[in-house]
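There are two complexes below, and they share subunit A, which is joined by subunit B in the first and by subunit C in the second.
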Partner chain A sequence: MTATAPRVTPQTATAIAVHQLRKQYGPLAALKGIDFTVQPGEIFGLIGPDGAGKTTTFQILAGVMEATAGEVTVLGKAPRHARLDLGYVTQKFSLYPDLSIEENMRYAAGLRRVSATAFGERARTLLQRVSLDQFRDRLAGQLSGGMKQKLALCCALVAQPQILLLDEPTTGVDPVSRREFWDLLAAVAADGVTVVAATPYLDEAERCHRIALIYAGEIQQIGTLGELRDSLGLRRMEVRATPLAQAEAALRRFHAEGSLPGGEGTGADLPAPQAERGGMRDPAIVDVQTFGDRLDVMVTEAAAGERAIRAALADPALTLTDVRLDEPTLENVFVNRLRQRGLDPAYVDFPAYRSGKEKGGTAIHTRQLQKTFGDFQAVKGVDITVRYGEIYGLLGANGAGKTTTIKMLCGLLPASGGDIQLAGATDNLNRSEVRSRIGYMSQKFTLYDDLTIRQNLEFYCGVYGVPPQLRREKIDWVLETCGLVGRENLITGSLPGGWKQRVSFGASVMHEPDILFLDEPTSGVDPLARRQFWRLIRDFARRGTAILVTTHYLEEAENCNAMAFMVAGAIVAQGSPSDIKTSQPGQLIELRSRQIQAASDLLKARLEPWRVSIFGDRLHLVLDHPDEELATVRHWLDSAQIDQPSTRPIPFSLEDAFIGIVQRAEAS
Partner chain B sequence: MSLLRALTQSRLWALILKEIRQILRNRQIIFLLLFPPTIQLLVFGLALNPAVNHLSLGVTDYSRSPDSREFVASLVANDVFEIASFQPSVAELGQEVRTGQISTGLVIPPDFAENLAMGKPVDVQVLIDGVDANTAGIASGYIQQTINRYGQSLRDLPALPVDIAVRFLYNPGLLSSWFFVPGVIGVVLTLTGSLVSSTTVIREKDVGTLEQLLMTPAMGWEILAAKIAPLFVVLMGDVLLASALGRFVFGLPFRGNYFLFLALSGVYIFVCIGIGILLATISRTQQQVVLTSFFFNVPLIQLSGAIAPIESMPPFFRVLSFFDPLRHYVTIARSLILKGTSFAVLWPEVLTLLVFAALFLGVSIRLFRAQLA
Partner chain C sequence: MNRILAQCGKELNQFRRDRLTVALAFVLPLAVLLIYGYAIRLEAKNIPLSIQDFDNSPLSRTYVERLFATNQFVPAPLLGTVPTAPLDRGIAKATVIIPPDFQRQVTAHKPVTVQALVDGTDVNNARVIQNGLRAATQFFLRSSGLLPPQAQSPIEAQVRLWFNPGRQESLYIVPGIFGVILWVFPSMLAAIALVREKEQGTIVQVYASDLSAMAWLLGKELAYLVVGLGEALVVLTVATILFGLRFRGDPTVFIVGLVIYLGAAVAFGLFIGARTGNQTGAVQGTAIAGFLTALLLSGFIYRIENIPFPLSFLSNVIPARYFIEITRDAFVRGTGWPGVWYAPLAIGAIGAFFFRLATRILHRMQFTD
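Right after this comes the complex of A and B.
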């Protein structure tokens, strides 16, 4: 078989058929009879909260696990027999760290008997597509997370599989690399490869042809993005108002009865005046969700909704800057469906006993912080100041030096140069007294997999010296917050990744630290749990904890009081979220078209790549002079027979800023 | 009581409890603690036997006389030699030695009987396969000895003025297993102790929990003490296992105070754990620690005298062996098990072991915090 030979894809037959699939782990039913089919060349998304049964489904489809009951056919065969035509990429890297990029690919190709000539051709095209071709000789162990995942995808694709199974492959990958990853997926699907993908990033999932919403081992809904939106029967109003937290609280007091169990988000941080809840409800407002710097208000009908919103925000203390109507996003669908099910994680006040630090004092301060590994400068002269009561975000692509910076601040790595001041100490930062005031959650799971959840929590209580009479209460708090009450004797290793993250967070804050380091705390965590996470983080900040956090969910980063963008070890932009957004050059244009992938590929070739990026089912375009340039863009699209897009100017989000800043800095 | 409560609420206790729970859940460690020591003790004790017997002897007897037959019979009287073949000529005998069919060839000249009768000196030729130098030496010595005695008996000489009456102390039956088993107990403790302790440390590094552990207020010594405490208990179980095998399978006498033996074995266990933890601290991965422990353990065992006698080593290695902790433990074990020596005699060895334990553990604690850099 050569690279140019026609693919032997059975174009008409169903690629994957699943009927009444069940999986039982002892007493636990992971899958309770699911049905779905995937057509050749389709990108099929599987989304759901942690522990919904996604990974189990993938393992059965890949033929590495047997189903308890039900029928599964892959390319008309049992999954085990279809393995040669399958590519399977998981969250964990399946690469050999001491082989180079090329050697890893050659190995993957050799396993599937790809001929040497075909290999050379395919390897070159694939690596070019994900811009890894200039690093062919670099060892896989030295690649950043995003590069590793792109390489893992290339390794799966080099054998030209007919089916690609992707189990949250982009978890912990930065927004720029994630887009490159999905651009490649779109291209291979166009060639006829069938893709089944799970992802916790719902904007990515919008790029799937069809999406299945799965929870508690059952598929709740399957459809195209449009069908899922319509099923919601709601309109989305994008509301921009300041201060956002109070605006959300005001809207929440107005929402229709019963649709918001629990309650979540910025607004609920404020003491909700219970007395007011009575008479002021408006049935037009169904749900309020914080999303970055805006509120997504789900309303039954546009005009009535807008009236209700304006009425709710008619407080002189609030400034309503913008209300606009739009279609619901997949994340709106997801959050709304799960809330209807009462799956919003419980919010329980943290049992705090220490009086925190006074806000405003310096908690972390660095001056010209540097780190070199051999002749590689990982961190170049970083200046950061974090005060007590402040949430500080450290943002950047994979491999930009964020984790190295955090490790130096924690005293895990000695700095090569510069000064650090941590909790008042300037030298000997890893003294036991300093450490006892610090909470640290590293990127890797920090729990002992071979202990039970309770044993892990008992261990961290004990080792951080939580007073014995408080331990039970703190452990119960973690279990309740994570929804694990009654399951505390499970072996930690058996928990899904997102859930482990939540328990790790609990374990790192039980001792009420003054300074909290969180290295990608929400990576792989589902959207509802992520909102709860941030609510807890804000709680800690309000009590005076200084928090340094990294994340690849840029809309979450709106929660930060200040932030720094790192590129290649240096800080390239610093400030509050609004400072960062207003300092972006040009005007952002949102472009909607049914051929979004084709439009993106075309415009990326014509414009500087950082100006074009896909957001869900839309395209964001940064133009310096939109009035003249938009006409040119329309002309290009027209001559490529792409349907005429609708466009509108929108404000920069942090994610737009991130993509622009990172790509411009890398280009220069 | 309040002291006990203070202990169970301390940081150290939280660390120890975690280690105990992990060990209890880890079947691999329990397997490592039970099977390899048993197998090693049985194999070394039963199979390793330096005594030489049943050597194959080829004879070319040109004399063909009653005297020559009597001489051959005296050689095979005890089981050191066994006649494998008679060959008509030296050439064929030589061929058999070359091809390895026999290890020793004996040539009796045609004038053997005549010369004996005339009281003249007699030459017999002995061909020995020297590939196995040890066996060759023993064969040569034995033949020499037999010839001397044979000569003496012929001349009816009175017994030599000085007669050596050798009495073997401590191991009267000269059982080689009595010599080996106490040494092998030391070998087993070294291998198991260093392996088990290095895996519990390196696992944290492999999984990534070490980073989190280093960020807790726990001190380096607390983390290591918590790892050592449960390992010490289970490795003492190995000492009991090994000494039970020694007593009941090999019939070792255990002449010294058994509790002293346990206590001093405990000291050695600290040394072994120290080796394991030090190796794990300086290694980055599980694979690396396994390889480096091979690199250390093999010379450690060879130099200790557990298997080959130190006295027969070249001077340089004899000196080097003083820096081998296992050597000192083997001395202690042999003295206590076979001789019943008292502590008053053994204290220099004990002191040396204590210095080793303090050195290994001290260096590990110092390096422990810096190991991620």
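Right after this comes the complex of A and C.
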């Protein structure tokens, strides 16, 4: 399963070669000697959390920063001398908000010595291709995230670069735009342009030919999606059982007895799966994780795994409804790799002093909640209900109205219309009795950067009225969970994002609130920390805390019991993750072909374009009636002489479900 | 050259779209012009003066009338009998005490002492009051024919004021304000424009192309020179209307000097912008450096010759100092090129130096660690 590099330019065998690249910022080593090569025409993905060294790598490749040591050649030259053959899209897009679409492109073209005559022609074609040509005179500052991202791509492509460097161009952009963007990239790559892209979305990473996992300035693993999955040597089983918490406990007990004596499944001391497979015992179950309404169980092998799962759940109190085999996700690969390196932080239970609210009661309820800023309607009639003990996810792109909704619920912002019921109170949510029962962790961590960690935590203990005799214990808990014991006197401003996030979470739950609001708590945090974070959140929910969380990562929504998806201030879908996926009509088909781009072009012309998207060397098709339509599709491809060795149905991801919902809503 | 013009065009487009910057460019300079133009008065007028007249004779009353006949003093009440009370309470800056035998002694041609108590808090104005009282007394003696004719001095100095015969103070102040305004605001705008590219990350796009620091900065230099000329036009027009400023003699030296001065101001702004990383720093850097030097070390208000060493040396490299010489020449003195030929050269040299510093800082067109 090697990636098919479409075209090889004759003069260079490799488009980018990086050897032992290092970058040092003062005492901080951002890159600790990384190696990789990128072939011409390839889509190469760089995946990792914030602070892993992705942006530094891009800046060095783009020739805008010097490496400390190591060799980098881009198109056979030093990056600085290859600059005119590169297109570089940064995370902030590098657009001038006060200039129009056309002016931005003209300026970018001028910087790269594109002649005025060539510019007119290319600008028209490019803007038509991304359907921005009717907005040529609109200022870049007034564009939506998805449009900005397309414009940034056009600005990079106008000089017809041989290599495109994309540093997280899709972060915070809505799923439909993201998918369109990647379809564009696939087409660009098929034209022979080499693409190197960083993304925090693992589903996007699956659309690359090859993927490099980068963490803490080192590349952990490189390969195609298939290679990475194979290297894991594990299978993933989706298990649905009730009650879920007991099922998870049973499975954990089972694998604890099998492979982890005395451990509570922390994962930190998990032996590597290879070692396990050669062992004498039969520890088929390697890892258990709760995802909203299901359990993900990593097993060494499908049949043995299923047997083990069924044996573990053979308790009359438990009902096993479904066991399904699926491919491991990139997240599984990443997490496993980091665990092998011993990077998993220890998990410590939260010392709780009072039990939470009775589960099941209504914690948050809104009816026709609205917010208008001037003549802009940010939130348009939102109805949600969150119960105690439930994790409720509010999803949507940047600007969809998630943060505004949360702020209204916390009483930080008055609503323009509608009713809110919060912890039994219906008006004057700003009162201190109500406030003492809610916890709020904001997108931007509300810690004082120039205080030490301990001072920050003490401050929040004081603010939330934690009794003095309990403060020490609570602070110790936060420090331990964050792996910051012995470092409590560090200045908070010097911590990396993931740690700050954990300290910040600790600070917001120290007073044991009944209702917890988490606004984008996990953006930019590495997968291990993210996992641990969700585990913490689940613990709180089990004790009866109602949790409302916003995120633009759809994968994360799998952790929620219920969720709502917002587009432009309105909820377009609501329900449990499984409900949303199963209510999706039709079937998702994965089709393999060697002429993937041609197949995509053909099918996009015949079907609605959103139903077709390229994932690396595979094509995903959404068919409403697969039985009849699949034959037609095969016939179309045959008559165009496009080979199609295999098709198979695959389950919808939440992402697929939402794109379907949004597109169908637009069509009707 | 084309690339420089493209830079300049983009910069001007951005400028005109950003209302806040446009306001900063045109409203603030006018505000400064009005505040400084109307608020700064160096000549002391309408000084409150109390009189304690123990004589209360016709002659003493004539003397008092004489004191107030110059429009320098206005009467202030004495309040009680203590002559220092009005000074203590701050209602008068001076008290004049006329002795009981004033008329008798004067008519008897005997010397008489009139006591004047002057508030010395404000050193400069104390001297002005002192001289004013002396001059008024002298004039009183002459006009009442009390001064013996032989005391007439054999040498009579016949004074005539050159350049500004009406001693119009605005003619002194307003050309100086030009030096402040046309330095501070163009440099601030240029610094903000450069720093904004850093803050918004658009500079990366420029770094990732092969545009040289020189071409990039020249584009900005040109754009903000144009903006600066626009500001100059507005400020000059308003000043002409409000303060009655007119060109004296040859305006070419002013026009040449203005362009060079604005260029130097923009270059200074680019230098500050290249050095700082955020807009706050850029604004503070240009405003503090600009206002302090252009106000205090340029001869705008305080004579350059009074500045002590080593600050006096610093004033030699302040472009505002030379520009104010040019403006005072253009609007007051009117001597033209022979008078201030060196000033445009000096400003040009300093401006070139700042521009060179800015290109030095950015010459790699890369991120620095």
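A few remarks follow.
What we mean here is this: the second predicted complex is superposed on the first by the 340 of 668 C-alpha atoms of A that agree within 3 Å, B and C clash if a C-alpha of one lies under 4 Å from a C-alpha of the other, contacts with A are read in each partner's own complex, and residues count from 1 in each chain.
Simple rule for what comes next: a residue touches a chain if its C-beta (ideal position, glycine included) is under 8 Å from a C-beta of that chain, and two chains touch if they have at least 3 such contacts.
Quantities reported herein were computed from a predicted structural model and do not represent experimental measurements.
Within the superposed three-chain model, A:451 lies in touch with subunit B and out of touch with subunit C [touch as defined at top]. In the superposition on chain A, A:425 contacts neither subunit B nor subunit C. Once chain A of one complex is fitted onto chain A of the other, the partner contacts of A:568 are absent, as it touches neither subunit B nor subunit C. Judged by the touch definition given at the top, the superposed model places A:95 against subunit C, while subunit B stays out of reach. In the superposition on chain A, A:433 makes contact with subunit B only, not with subunit C.
Judged by the touch definition given at the top, the superposed model places A:155 against subunit C, while subunit B stays out of reach.
By the touch criterion defined above, A:29 lies against neither subunit B nor subunit C after alignment on the C-alpha atoms of chain A. Considering their complex, residues 407, 410, 412-414, 430, 432-433, 435-436, 438, 440, 442, 444-451, 455, 458-465, 468, 508 of subunit A touch subunit B. By the touch rule above, subunit A contacts subunit C in their complex via residues 24-26, 59, 62-66, 80, 83-84, 86, 88, 90-99, 103, 106-108, 110-113, 139, 155. For subunit C in complex with subunit A, the residues that touch the partner chain are 2-3, 6, 10, 13-14, 17-18, 200-211, 365-367, 369. For subunit B in complex with subunit A, the residues that touch the partner chain are 9-11, 13-15, 17-18, 21-22, 25-26, 207-209, 211-219, 369-370, 372-373.
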